[in-house]
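In what follows, a single structure is set out as structure tokens and then discussed.
As written, the chains take the letters A, B and C, and residue 1 is the first residue of each chain.
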Amino acid sequence: MDVNRRDVLKVLLGGTAVTAIAGSTAHVAKAAPETVQPLEDAVGLLYDATKCIGCRACMPACQNANGLVPDRGLSHGLYMQPNNLNSQTKNLIKLYVAEDGHERSFMKQQCMHCVDPACVSGCPMQALHKEPKGVVGWDSGLCIGCRYCQIACPFNIPKFEWYRVNPKIVKCELCRHLIGTTETQPACTKVCPTHAVIYGKRSDLLAEAHRRIKEKPGYYFEDRVYGETEGGGTQCLVLSRVDYTKLGLPKMGPESNASRVRRVTNVIYQGFLTPVVIYGGLVAVVRDRWKEHLQHVEDERNEDNDSKGMHV
Amino acid sequence: MHVRDDMSLAVPTAIRNGLDRRSFLKVVAQATAAIGLTSTMAAKVVAAVEKGARPSVIWLHFQECTGCTETLLRTSHPGLAEVVFDLISLDYHETLMAAAGRQAEEALEAAIKKNSGKYILVVEGAIPTKENGIYMQIGQKTGLDIVKHVAASAGAIVAIGSCASWGGIPSADPNPTGASGVNKILEGKMVVTLPGCPANPYILLGTLLQFVALGKLPELDELGRPKFAYGRTIHEHCPRRAHFDAGRFAEEFGDEGHRLGYCLYKLGCKGPSTHASCSVLQFCEVVDAWPIGLGHPCFGCTEQSVAFRVPMHKPSEIVRPTPPSTYAPVSAPQGFISPIATAVGGLIGGALLGAGWMASRGMKDKPAPSTHTPPPNQNSDSEKE
Amino acid sequence: MSEKWEQCVRLKEPLLTKPFKFFLGLAGFALVLVALREVSGLGYVTGLNDGYAWGLFKNWNVTALTALGSGGYAVAVMAWIFNERKFHPIMRTAVLTSLVGYGTGMLALGADVGRPWNFIHIINPKTWNHHSVLLEVAVCMTAYVILALNFENMPPFLERMYQSGDPQRSKRALQIFHYMQKSFPFWIALAFVLPSMHQSSLGSLMFLAGDRVHPLWQSARLPLFYLLMAYVLGFACVLLVLILSTYAWDLGWDEEILGRLAIVMSWLTLFWLVLQFVDLAYRGVFELAFTFDRYSIVFLVETVLILVPALALQSASLREKPAHLFRLTLTLTIGGLLYRFTPTSIAFMPLGNYTYFPSVIEILMSVGFTALAVVVFLYAVKRFAILPASAGKIAAEAAIRPFDTL
């Protein structure tokens, strides 16, 4: 088969270049990105920082419900004193105080159960996955401990048991092991004395949040609830008087990182089409070169034999 | 008929005073309220008494100091001992009864026979078990035999005080008499244990009143202790808890912190490991009349693993820690840069760069291919594989 | 003055030299540390934490160093796609560097995962998350090492087998080799497709982190940049290895091959730089390069380390001087590796107040893995006919027909 090398080359290189560049500029494409909508029955939490009194009943409650060993921090065993979410702490109340003290707020930190989670998108084995009602759950039977979820999560939630030989990824899973059997709501919402954090369907919680905002215009920060659109939306929502970034919630646009990656990979790979097509083209080119090479080698050998006066 | 207004004195007597109905109702209301029973309960108590149903109580003493009886006598709401005895029929009590000797023995047997299957057996004191229990005998009968005999036809068995509940102070190491709680001896029978040294009398009163009013015992935990009294640790409802959470401790007896009433944890308070209700009920009806209130750490008198075992001033283990009064900041620093690692990393990086530089300095001239055969080497260079 | 490389030779130098023993010691120590890591937790052995969950193993040994291991890929593309026949003598060397580079990279990856027993599920495609870039990297890299790299590295081994003196084995060797000759295009095409997929995916990995990677590096074009840099570093690695080898063992200086490698590498790098420049301008973050905070400084250093050698290597006179060629290539390598390493670590900004620096054991393990690559390389070149040499070098055994066709 006499393939015109030049043309094949041109087509191949051009195709690769086009695919690569097109894939790279995917975000400019006017075509609608693959957004994920919240499930109909998605559940979550609404945490109103203005109602939280910092009693932290939710912290021991979470520890008990999840069978966690309390993190005693630097307290010489006296207190439950984690200073961050970690492999022993799925839920944490933090305190933000402005430098000049003019404003302060509590912040409850736990997994935000995103609508389109980056951790689920990145996890190679689907160990982190969406459970019924949109809860983001972790499966120990599939996790290989690669920790890509820790790289991916914009809220820095998944924590790893660094000091164990059988390490788990630890994060809030909205007490999914209890709800439906012994409980109707997560441990934290059950014990909250002021109902600062409540559990329910995301649609209901959003409605409630909007109702509160409407009731007191100008009271909540920018008159909006955090998590409605951030990063594609989260199922755990936050209301606060102070700027959300001061509470440790990152500023994010409405597009989730997961959907941005999907767009790039979709265009590059077009399912599995692009690699297969390129493979085919390469086989054709290499075959051509290979035949040439063998011919060359043969010619060389004959030359050698001739020069040595040998005839094989 | 007269009502005793002097409610503070408890007179150890079996006198039954006839109270008018109104006063009686008042006292019952006070009694039930003090123990946390609702007003409907009070009504039931009244009804039960008016019906004439006063359960028989047989109270036995074994290896004890009689402290539990003594504290019981220092209650005033219910006001007087006789009100209590209006609600129950105390048929045998070695400290309080007038009878002695054979008369007392006969009274005991008579009471057992008369109320067989219905009387409440209250046990005070531990029971020695070594060498068939010869270390405690009444009328030449061992404590073991006595308790088994009386418990055989009891309707309910209540062990009052740590001694009867798990052995108490007689059972402290090396426990020469083999002192044991009554529940160990009466295996198979349900025994309500009310540990404490002494037990808080209102817990007994609450248990008895509930039995009288409802005919059943309160909800018990796995050790037979009523949950209403032993469901929480001292640490969980201590008035000095705020000091603990804030890290304000008395470090030595008599120091500034001690004088200011700070938490006694560092002085060895066993509150975190002790289930009891002393901080709520207190003793002798005097405010702060309980160890911590008086400035001495709790020594865990209700707990078998703590009292008379763990040194009094050794700090307790905190099994269920809770957050302190300080909070985590929004971004606590995490991670550690080891100076040795930076040094090692720098060394390796520098060494590689240096090696590269040195290698390049030897590259002034282009390498000429060697045209000689290197000397044959002794290394295992064989092609035989 | 230069001597063309016309054959592949097996060095007859002694194996257990001082340097070899040194690298062997480092490698052995690293393997012991791997065992240590397996029986304790990652936290005891590394400086990793929840903010910086990926450290030296993933970010350096895999992301950065497998780019060095792309030499086999890059040179093969020149030889088989662009028909530059002159590169055939160095093919064996190039694919050997790929094998050791990827092999030790996979070892580092294996030591790094926290729950390796669940790897078994990877054979069941039902558990795969098709959207996961990391899955693509893992499956593709494994397939590449097992299929393509092993295939490419077989000829020297088959040659030895043929020479073993045992007629059975010789026959087997020839049979296998004939199969290889017949199916060559299919395997080589695989050896092109697979690495382009995973080398670009190594770039896409950090794309998922979004704003957590500093804007000077975060880009939707990361896959393209990583792939191009893999080519550049692949050439660089082969250049460095060849230069060091020729001085160590007097292989001769093939001006044509080395010069060609260098100029192609230079053009590719300049192309890469132009794309970078366009990308930065397009994303509007160009001014961030001059704020002189630590990110800007790292970026500028990286760019200078890449730009200066690329420009300098345009000069033929510099390319012809071995010392300069070596130094410039080394500088470019450092810059390129830094580029591949930075988005995963230095430019990674997790939420919160985290700091990370590898622990001493982590550093020693990482160095040990690289030492292992060197050990295997040294062993291979003294046991098999791999390194190129000029015809004048008769000191070592040459590759033989028919195996030297590959």
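What we mean here is this: contacts are C-beta pairs under 8 Å (C-beta built on N, C-alpha and C of every residue); 3 or more make two chains touch, one makes a residue touch a chain.
As the structure is a computational prediction, the values presented were derived from the model and not from experiment.
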item: Pair of chains joined by more contacts [C-beta pairs], B-C or A-C; value: A-C
item: Chain nearest the overall C-alpha centroid of the shown protein atoms; value: A
item: Centre-of-Cα separation between chain B and chain A, whole angstrom; value: 48
item: Inter-chain centre distance, chain A versus chain C - centres from mean C-alpha coordinates, in Å; value: 29
item: Centroid spacing, where centroids are CA-atom means, of chain B and chain C in whole angstrom; value: 67
item: Multi-chain contact residues (two or more partners), chain B; value: 331-332, 334
item: Where chain C touches two or more other chains, by residue; value: 49-51, 351-352
item: Where chain A touches two or more other chains, by residue; value: 84, 248
item: Residues of chain B defined as touching chain A within the complex; value: 244-245, 247, 265, 317-318, 320-324, 326-332, 334
item: Touching residues on chain C, where the partner in the complex is chain A; value: 38-44, 48-51, 53-54, 79-83, 85, 88, 112-116, 118-119, 121-122, 127-129, 131-136, 138, 181, 184-186, 188-190, 192-193, 197, 200, 204-212, 219-221, 223-224, 227, 348, 350-352, 401, 405
item: Contact footprint of chain B on chain C as seen in their complex; value: 1-3, 12-16, 47, 49-52, 160-161, 163-165, 243-244, 246-247, 250-253, 322-323, 326-327, 330, 351-360, 362-364, 367, 389-390, 392-395
item: Parts of chain A lying in touch with chain B, wherever the complex brings them together; value: 54, 56, 59-60, 70, 72, 75, 77-84, 92-96, 106-107, 246-248
item: Chain B to chain C touching residues, read off their complex; value: 331-338, 340-342, 344-345, 348, 356-357, 359-374, 377, 379, 381, 383-385
